[in-house]
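What follows is a structure written as structure tokens; I'll ask about it next.
Per-chain residue numbering starts at 1, and chain names A, B, C and D are given in the order in which the chains are listed.
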């Protein structure tokens, strides 16, 4: 069985209190941020790696981005991917439709029984890429998958709905799933593992090799600008060592009649 | 969900109950050759009340309960042979009282030998207890439950003879006290109330000891041991008889072992002495090493290897590494001292037959009233063949004990059967009745001492 | 007449709140654009939903599809693509729900129209529509425009749009479409979350822990605090993902919606998916190491600190006070 | 990896599980292995971990999150090594670290450990706070950037980011300045020392950090490093030489001792208190330095130094080693080692618990609060006591 996992590289904004919009007003200042693999994609990769451990699976990881994006593919290779392909195109300014056009074109050239995406990205969080690619490939999909079980020629999945409810499907392969967090526990990828993955095959392609033109990649939804959102009422901050903050909080709770 | 598990959590809190494979794995072993058997629950209670609730639950659910202290008794006595609850008592580790004048200590069942020794050294340096030759995490309560002996056995006998009182949770959940503590705040004597000694030597099959009062003895300023060595094992009973007559030694141990090779075949007598002054020490030394043993030295039958001050904590665990394999087990027996030569020769044969470096040891109990004689067999945990060899050697040693007219100390299942086969049928029948009365559902450490129902 | 189309979703025999909110936004924009507001309901026995929708919409399209008690994405896509091709609404509003996420991207590709998901605002400017959506976990907003698109699809975030008056009497129109069962994707049913021992929706005080709790063993710290406060422990998604608490303790979009008197958010960053389940609490107190955490934008009181330091001290103070 | 490929395959079965590893030097209880003391199940003793490791590597038991947690509760405090009577005791901790390394290789570490390691790899610190903010602790102080001064003052992750430990870091800076020591810091250029990474079994990441630090130190011409944290000191003194790190490392208490003896630091201002000193594992058992901090404390007029029953080689670990100051596997209970330790400190009657490690500082100060001892016991770093005595507090 051939499994393709699409992964994305995102800035890790967790270490900074605040983000800064850059001069273009369409992006954030990235210099002080480090990059990482998108959280959701790690779950998708783990799901694929687990399939590979169980059955004869050939696993390909793909991405589209500039050369520093190789590091997320190395990670995928360290996690068990047999090969990795990067489409060399900076698509930071592109919309989801354009990115899915590239990814769909790429996946079309690959044998694929099961295509996995993270359900959304940590940075933009649109949650639409995977389902768009499925539609472009003309294969069935399920978004927000929280469990999957691959059988003969089909996959049984649970989709997450609201309020803890689930929706179950049996889907014929080939199919595309977008993976929700919690579906598994992504393994740790050691630095040694990543070093060893440096020896594995990492293939680079261009959009023109995929037969795509700039016109085909023009955005449908145009990012006008980023804004700092108005924050609602801010919390009244209680500061000091725990001793003092706890004391004050207890006072507040008492005044509010909770204690 | 497992309702027994839920109830156990209710009793001791979730952190002290486990059904996870890791705990079940670890509690499936003792450290010897007994085949492991997994418990269904590992539980570590903190109070007598918790133990009562656990035992009542086990009774209702007919689940075995296997108490363990240090878990060092070997012979499978703390292996959950029929599953159930492995009850790790080491959290019950409070030293409740030391009575300096009446010389006793009341301890909870999880108090280790090392802990009491250290406590006495720091707080009551004029007192000591009879510490067995086990690693220091062995517990006081576990030791009396198997009739252990320690380094004051020569003057004062078995550790179980030093028990002044017990608190026990019966298999049906009631708490009982025995000795003066059953009627008084003092835990100073077992006697002279009617004898209800139903727990010592029963290896946890009749109840769970939760508190023990144990006798303490004078601890003198100077502790040390003299080494005397002879070539002829036939001399040992005579030497023991003569040394005990001096009433000077506080511990008397004869041993012989294959390692190191240069002393293989020799018999060492370790004669421990204590004194509050140099004068007292000189007197004792003179009495033993000159007046009593001098003639052997002069005849060339024995040699004095010197006197070492200070007491070395027993490090028997080193035996476990003789085969670079992390394991040993021994058969202990309570023998007449006169059987020492035969015990040594036959034991050495067994060891050599199984390719195990021999080690035998006899610790004198009382005024030469008996000795605890042990045959120790090291094995390599990673090599099943050596484990099998050791197990065979152990069984042969059990057979030997009975052949020589001795009794097996804390036998495993194999030895228990041998003992019960030979036991006076009326005695066995009484044991059966006692067991049935105390433990109607047979939940306490089943598989061990199965007297039948 | 120009139209705005709202795709209605129903759950448990009710029109979903989010669809009513989409109608609210649709009504406002329709008024501005002089357009009609059209709702569409797709499924089995949709007449009841249609009546409810008609209180908000000018027109309700009903598409009866057998075997579809709850909304399913692919059959809905078939119905909708046909309707949209036919009616060419300039805006299609869909709730950014699980259903919407499964449906909207495929629908947009099929129709070759732009899509912006998870919007918190949609407006009509001189040069066309604008959609605003949060990015970087709510730390930024992104504003989108749509060149010359004839139709734009927008999915909207729950709770961000007002509910309309509900005083209309829209007309009904049946849409009949040739439609067979899907052979390549078989719907097998729903699973509701099992009722659990502890019902966090009933509690007056919730001590809710997030990723900042770091370890399963530390959950007990929170439990002790909850005991002291007379409340129960709840959590955000990562805690369930890690398996540290059962799913029935999860607050948020995919978990429970709670309205306690006190919600103590400990080590919870305040992702929207969580906030949506707890913002109805009377008082919210947040403790988080990151002063920029969005949770401080919704909490009444905040403490910037490591929760593992604060919890034990707070527990002790509360216990002290109680005893 | 199978058991056969495990570095200690011919050794790990040699543990008899006699239990010596749980005791302190004076046998007073069985609670000197911090993990065993916390959980009181045999699995959590050093012997338990060794037996489980062997069972796992020989497929007798499967990996579980619980197994990983049992291994990662080990704080690498070396109490077991101190007590084990067998000849292979020098390797018993190595055996556990090697088992952790195998878990790292297989990716099977507890999620808190995963987070810890990923944060260090990405951000150079376990907290996941940006590298750019590593130097913020110096703000408002006169501490200079390192540019060829005699000493590089290496602060470490805890001193750089933890608000309480930052105070200690600044205080030590003032004391060094007062003594006329020429030193500088790396600020936001400083990287994690990797000591914890090493004990967590992430060997390649440790190599990466060590190589990075050695390269940087060489470029800057560093010859002498004074470390705030014994963890950094340990890594630099014992591990960095493998990476050609040829500079000399000191723990700051050693430097303060020399300054006091050499009369470059005047502590005659004194500090009136009964003080008990907690030995950090990475200074004490790991590096045998028990006396320097005591010498410093004793030289301060007014300090009455009282010992806890468990001291020096027998000291109970605060529970913060092996990444546990962050992962907190041992927290959440009155049996948590830090809480046990402050109760022991309190029992001496001392009013000050002196520490010489930022990890111990954070662990024990939190524990003092959890135990409600704030009114009777203050946790102070040795540097802070010295600062008070030389008037720079």
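We take it that contacts are C-beta pairs under 8 Å (C-beta built on N, C-alpha and C of every residue); 3 or more make two chains touch, one makes a residue touch a chain.
Everything quoted here is computed from the prediction, not taken from an experiment.
Among the remaining chains, those touching chain A and also chain D are C.
With centres taken as mean CA coordinates, the chain nearest to the overall protein centre is D.
Ranked by separation of Cα centres from chain C, the top chain is B.
Interface comparison, C-D versus A-C: the higher count of C-beta contacts falls to A-C. Centre-to-centre, using mean CA coordinates, chain C is 46 Å away from chain D.
Once the centre of each chain is set as its mean CA position, chain A and chain C turn out to be 20 Å apart.
The mean-CA centres of chain A and chain B are about 62 angstrom from one another, to the nearest whole unit. Separation between the centroids of chain B and chain C, computed from CA atoms only, is 67 Å. Multi-chain contact residues of chain D (touching two or more other chains): 65, 111, 127, 333, 366, 369.
In chain B, the positions touching at least two other chains are 15. Chain A has residues 14, 16, 185, 242-243 in contact with two or more other chains. Taken together, the chain D residues at the contact with chain B in this complex read 10, 13-20, 22-23, 26-30, 39-43, 48, 51-52, 55, 60-62, 64, 66-67, 70, 85-88, 309, 333. Across the interface of their complex, chain C is touched by residues 13-14, 16-19, 21, 28, 95-97, 100, 119, 122-132, 134-136, 140-144, 156, 158-172, 175, 181-182, 185, 220-229, 231-239, 242-243, 245-247, 249-250, 252-254, 256, 258-259 of chain A. Residue ranges of chain D in contact with chain C, taken from their complex: 65, 69, 110-112, 115, 127, 326-333, 366, 369-370, 372. By the touch criterion stated above, chain C contacts chain A in their complex at residues 11, 70, 73-74, 97-99, 101-102, 104-106, 108-110, 113-118, 130-147, 149, 152, 182-193, 204-205, 229, 237-238, 240-243, 247-248, 250, 253-257, 261-262, 283-286, 290-292, 295-305, 309-310, 313-314, 316-318, 321-322. Residues 65, 104-109, 111, 113-114, 117-118, 121-123, 127-133, 164, 202-205, 207-208, 366, 369, 374 of chain D are the ones that touch chain A when the two sit in their complex.
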